[in-house]
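Chain naming follows the written order as A, B, C and D, and within any one chain the residues start at number 1.
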Amino acid sequence: MEVTRRQFLKVSGTAAAATTLYGIGFREVAHGTYRRFRLHYAHEVTTICPFCSVGCGIICHVREGQVVNTEGDPDHPINEGALCSKGSSLLNMAYVYDEKGKPVPNPSRVTQVLYRRPGGADWETVDWDWALRTIAARIKKTRDDTFITQNSQGVPVNRTPAIAWLGSAMCNNEENYLFHKMTRSLGLVNIDHCARL
Amino acid sequence: MHPLWTTAFQETWDDCRRRYVDFKPVGERLKELHCQARQWDQSESLLQEDHLKTPVIARQFPDYFKRVILPVFSQNEATALALDEFAEAMDQWHLEDPGVETRIPQWLQQLQQQAMHLCKPIQPDFVTLIVSLSLAHLYRSIPAAKPETPAGATQSGVCPVCGLPPHFAALVETEGYRQMECWLCGEHWPFTRLECPYCGEHHPEKLGYFTVEKMEVCRIHFCHSCQAYLKVFDTRSLALKDPCLWVMHLATLICDDLAAAEGYHPGSEMEWHQWMVME
Amino acid sequence: MKKSILIDTSKCMACRACQVACKQWNQLPADETTFTGTYENPPRVSPVTWMRITFQEEETDQGVKWFFGNQRCMHCTEAACEIVCPVGAIHHTDAGTVDIDFNKCIGCNYCAANCPFKVISFDRKTDLPTKCTFCYDRLANGYQPACANACPTGAITFGDRGDLINRGSRKVMSLQEQGNSRATLYGLDELSGTGMLFILEDVPTHYYLPENPVVSLQARLWSLLFRPLRIFVVLAMGLGLWSNYQKSTQLKRRIIQQEHRKPGADESAG
Amino acid sequence: MTNHWIDYQHSDVMMNIGLNTAENHPVSMKWIQKAKDRGGKLICVDPRFTRTAAMSDLYVPIRPGTNLAFLNGMIQYALENDLVHHEYLINYTNAAYLVNEAYHFEDGMFSGARLMDDGIGGEKVVYDRTTWSYQSDEAGQVLSDETLEDPRCVYQLMKQHFRRYDLQTVSEIIGCPLETLQACAALFCSTGKPEKAGNIMYAMGITQFTHGAENVRAIAILQAILGNMGRPGGGVNAQRGQSNVQGSTDMAMLYHIIPGYMPVPSESLHPTLEAYHATSPGGYWANRPKFMNSLLKAFWGEHATPGNDYAYDYLPKIDKERSHIATSKYMGDGEIKGMVCWADNPAVGGPTAARKRKNSAKLDWLVSVDIFENETATFWKEPGVNPEEIDTEVFLLPAALHMERDGSISNSGRWIQWRYAAGTPPGDCHSDLWIVDRLFRAVRDAYQVDGGVFPDPILKMNWDYGEDASSARVAMEINGYDTRTGELLTSFAQLQDDGSTAAGCWIYAGYYANEEEPACQRRIRETEGVGNHPEWAYAWPINRRILYNRCSADPAGNSWNPDLPLFQWNGSGWNRYDVPDFNAALLPEESARNAFIMTGEGRARLFSNGMVEGPFPEHYEPWESPLANRVSSVQFNPCSTVWYPDDRADYASGAFPLVATTYRLSEHYQTGMMTRNMPWLVETMPELFVEISPTLAADHGLVSGDQVVVSSQRGEFQAPVCVTPRVKSFQAGGKTIEMVGILWHWGYAGLSKGPVTNDVAPSIGDANTTIPEYKAFLCQIRKVV
């Protein structure tokens, strides 16, 4: 992993090191016994870039449940390690750098369940259970009020025209499949998403 | 000194000289030698860790050999004479002197006679270091010794030339391809990044790596299903022309040690850690 | 041995990954920019923007041409800033890059005024000149510059000057064979060779680079005149400014000095 | 895409039309560069000189909205100069078929035109397509004339139909110099030679028109007559805009289909399951009953039995068009009470976005699931809106980032690739899978406890994916399994219609066929081959990388291009580098007769009754156009539904003389929700701007950076102007037509704010797909003084 400038400046200066081994921090290590060294465990995970649909492979380095670095996946046949400027700035969606160069979680990300009361001027934070129960109640009420079981010719139609559903091109296939199963089970017909937008 | 030392070594040497083309038996032979060496009694190590303080530059291994290994052997001037001869032979390797091939075996003969009189027992792993370093250096410097890589041998977990599992690899070019390097014959071959070369495990949750603080260049990639580790050097950001992984491996032997402490064994079965001082 | 950066403008698609990487490595905050009429932003090199991509649209007979340039300190061999600096604060490092020693600098801003490429910008807050440092701190520890590391199409490459000159001239020859007579390797002999080499597909002015940059006459005269008197001049100015030195810039200089000047005598993070 | 990204390297000529590859799909330039290094040529057809044009060999300027005239001009050029690929034409297309005598075409209208009510108080043409058929003898065998001389054969009708699109007329319609057009036609039609492969890449610049679907038809016809379909380096390649838009379309997040591109049951056409099966088209689609019954089995498990038509009635039946424009109109009429919106931002991305935000106020409740606080969820916080008056209840649920959840996505090349979860999402964020699973279970619990209207489809739904939904179990259901043994299927050939198999989406069968080593997680690169990488991930259908690949070889089985053999008959079998799109057991001559297995005729349809506007593509001007239609008296696509008639600007009134088109930047993404919250990207492109030509700027006394108000019949916004020679006026129809380029990444939420420019876009859609016409409408600019 590329070390940030802060670590450099703390320990090194600008004089040209005589040999390459200095470059990889050899000397200090030899002094101490191994117990004093702090190990940093990480593992590599492959994912696909979420921006355009070329489908470039990306390797994320994850340490203690946090993504610490993302780079192009060299073994991926489409991008062979290369990424465009959006793809290589993927980490910035999760972390932005404050002026001291330390990564902090992106402040504009929504991390709590927000609720806006009718006529309210701002958000209130609520918990998941309440939100899910209330949304289920709203769906149930709207569906039961407007459900049509048969049309004029007696053909069973079982639909409700009163709920619109916008699925998404930013979600995975499995998520979109469950969206579709849920909409058809509720009898929704106003289904669309940003492919047609 | 253990009599086995001389005959095993001599056979390996003749084997290698006679049959450059087919390397596989040489690799097996060397591993056998290496395992036998480990059964000797292990007293205090000859090599103090400050010997590693003096830095080693790529392509200047002979110089390192003279300044590190030479003092170790020089308690007895008889071995010193043999080692001088070897050091000089190593220098000539760089001059591609045609006669070098004959001069090295003479050195080995002398070392074997002298080894008898050494007052201190040599640490077994240190023997491994000497043998593998000298053979590896020999193979790399005499191009004829190594046949071309068989075509299509891209995704193999062992060296396509000499069939030995690798001990270290490097991430090369800006894209970060993983390029394995055979510690014995120096053969390079590409290998995908998210797969264990020893057991073929490729589920991400079974693979991982750790780095030692302030030495992030060396990553110890381990695999939970076969508990083996491989050292991977991220040489992309270093501005070195062509980094010699052997030297970087020597410089990061502490990582092998830590990997052993964490319970992983080297996939190449080349045990390095015993001769480091461990408090 | 001398190091250089080769910028191949025919491979550049102006995605500005280098501009972002330079800011990320040198921890420079984002400029407050507004739309100025072209895709080019930020509009000029500034204390917080040490390099930037330039967009130049030209109406030619074969239709519109769009040139993407790269504006940064050229690290010239015959550096006007070094010649004209009264206190000798600017010097060449062993890798051939031009470095400013903030200890000696008295903030006279002569270098910024005389730079033929106008890439040194004066920082009002710390009274010090700022410019691209060729990532000298990375170089000293065996790393390649941040912009070269980030370029996805390989338009920016770093290496020994000799290799890059061969590669550059080979590419220029192939461009000329394909009928582009104006292709040149800029920086080969300008100011007896600059650290940054450009493969250009058209006249240098389309890339915000002067035709034939030269150290101005008065700059040479100024240094000739004052060089013998330098000791005296330095003493006088030093004394006069010494009290000012204590008062306002003491703290700032120490921080900057620690970052740019302390030799890398011991270990450094790999 | 019929081919895929890596296949671009084999193209000899690439036409990049209605698309800005260098800015919106940058990494694909790597493969285009490889083709150029082999001597390939890149043509860029675009109203503006973009970064793609800067890297192309030939740049063709084109007036927005006239792509169809340009493409018809290419077809005419290929037919007149006999550059077509004859052997391909006779064997693999229906060029030789004889067409029904009753079919005729004059002055822009085809036979069978009827003016019908369009369901919202207006009228539109709905064709009676019976006359668009072939002549067949009494035994039902289609008549054909291999010599292509018969005046009623499709080939001669095409020559007659496209005769009006000679290059001189086309150059006056699209406003491009004649020599450039001739150079482009000569270059691209050179791929008609058997060993050459031509590749057409397109995106929203082709589809976002009222005649968008006909644009794609014209591309398909051009590629078919030049023999470029189904072979390496060829194909019709749509470069889609978002990471999983291909996957979300396969999973049918659209009102008119259900997973696997099967039509949604309609109350008029498919009252019962038999009626649904009876309407299955010919070709491989004859197996649709198997796919439909398997889907119903996957939805309702053991409750779907032959007795109750596999719970066919649990599926809702559609009554009228319910596309995005229609839904926002119904929302305005108060018919829609609630909306659930997953990672979508129609308040900025939708056409006439201002009306959309006003309509949102009529909702009782709105649920939005997103990573950032987007404009759709905060329409009540828009500047100049009084929150008290809006009593919509809004829920904003925090979603995890794309890299923080696992699951598969499909890229443009139909490659289904698996993503592993990297790290855990912060705070209360969860993956959309977790959210939709918990939401459904909450609704099911509500119905279990309090009952309700017709709860059966919900209570009997086959929905059990574990406590925390696991995407692997969902994937196995999509992949399909044998209901008796539970064993996963490896191909959709195993699907049965007797309820013994269940599959969520039949085209995905085989992508998750075994639990330990699922095909979509494979990472093995090919060591030799044509770059298809068959063992990397999985391409639907059944890992076929190039569709219609029987056409890559001649009827005798020899590959058209000997040194790039995708399929080569070796006397007893095929040497192959891809999964065959035909029955490989047959002899080459027999399998050549069914090269296009999805169509009833087994051939490419140059003459087709599939489109609503007509069997051949016919050029019509956009809804708001500065010029009268040159080729016929029908000004605008008669089959498109006009949702808001008074939204149309009349050019003659002179109020809106300029043509406007919308497009994107490489530094920002879609509605900018993600990129407008990153400081360094905002620094490179801090503000919205519009691009105009130097001549237009001179007329209005504008200089780069001046503020202007861009207005249209539907709304206006203010932005700085960028005067650039890359945008030019067009000499078309005897007039000088000026163009305004509009970006649409900005909105009132996020780090970098700006006006919503889609307020000016028209709410009129394509006749077949109702995709809005963002790419050509009329507007006016005035200087802010």
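Here is the rule we go by: contacts are C-beta pairs under 8 Å (C-beta built on N, C-alpha and C of every residue); 3 or more make two chains touch, one makes a residue touch a chain.
If you're wondering where the values come from, they're calculated on a predicted model, not measured in any experiment.
**Student:** Going by the touch criterion stated earlier, list every chain that contacts chain B and also contacts chain C.
**Tutor:** Chains touching both chain B and chain C: A, D.
**Student:** Just list the two chains that share the greatest number of C-beta contact pairs.
**Tutor:** Top-ranked chain pair by contact count is A-D.
**Student:** Closest chain to the protein CA centroid?
**Tutor:** Ranked by how close its C-alpha centre lies to the overall one, first comes A.
**Student:** When the centre of a chain is set as the mean of its C-alpha atoms, what distance in Å lies between chain A and chain D?
**Tutor:** Here the centre of chain D sits 26 Å away from the centre of chain A.
**Student:** Which integer distance in Å separates the CA centroid of chain A from that of chain B?
**Tutor:** So the centroids are 43 Å from each other.
**Student:** Can you give the whole-Å distance between the Cα centres of chain B and chain D?
**Tutor:** Taking the average C-alpha coordinate of chain B and of chain D, the gap between them is 57 Å.
**Student:** Just curious, how far off is chain D from chain C if you go by their C-alpha centres, in Å?
**Tutor:** Comparing mean C-alpha positions, chain D is 47 Å from chain C.
**Student:** Two or more other chains in contact with one residue: find those residues in chain C.
**Tutor:** Answer for chain C, listing residues that touch two or more other chains: 15-16, 20, 24, 29, 142-143, 149, 152, 267, 269-270.
**Student:** At least two partner chains per residue is the criterion; list those residues in chain A.
**Tutor:** In chain A, the residues touching two or more other chains are 2-3, 11, 20, 22-29, 45-46, 75, 80, 82-85, 89.
**Student:** Identify all positions of chain B at which a residue touches two or more other chains, and write them in rising order.
**Tutor:** Answer for chain B, listing residues that touch two or more other chains: 174, 192, 194, 204, 214-218, 237-238, 240.
**Student:** What residues on chain C touch chain D, complex-wise?
**Tutor:** Residue positions touching the partner: 13-16, 19-20, 23-24, 29-31, 33-39, 41-42, 57-59, 63-66, 152.
**Student:** In the complex, go through chain B and note every residue touching chain A.
**Tutor:** 49-50, 52-53, 55-58, 173-178, 192-194, 204-205, 207-218, 234, 237-238, 240, 243, 247-248, 251-252, 254, 257-258, 261-262, 277-279
**Student:** In their shared complex, at which residues does chain C touch chain A?
**Tutor:** Touch residues, chain C against chain A: 15-17, 20, 24-27, 29, 93-95, 99, 136-138, 140-143, 149-150, 152-153, 258-270.
**Student:** What part of chain A is in contact with chain C in the complex they form?
**Tutor:** 2-3, 5-9, 11-17, 20, 22-29, 82-85, 88-89, 97, 99-101
**Student:** Quick check: in the complex, which residue numbers of chain D touch chain C?
**Tutor:** 22, 26-27, 29, 49, 51, 54-55, 59, 666-667, 679-689, 703-705, 720, 722-726
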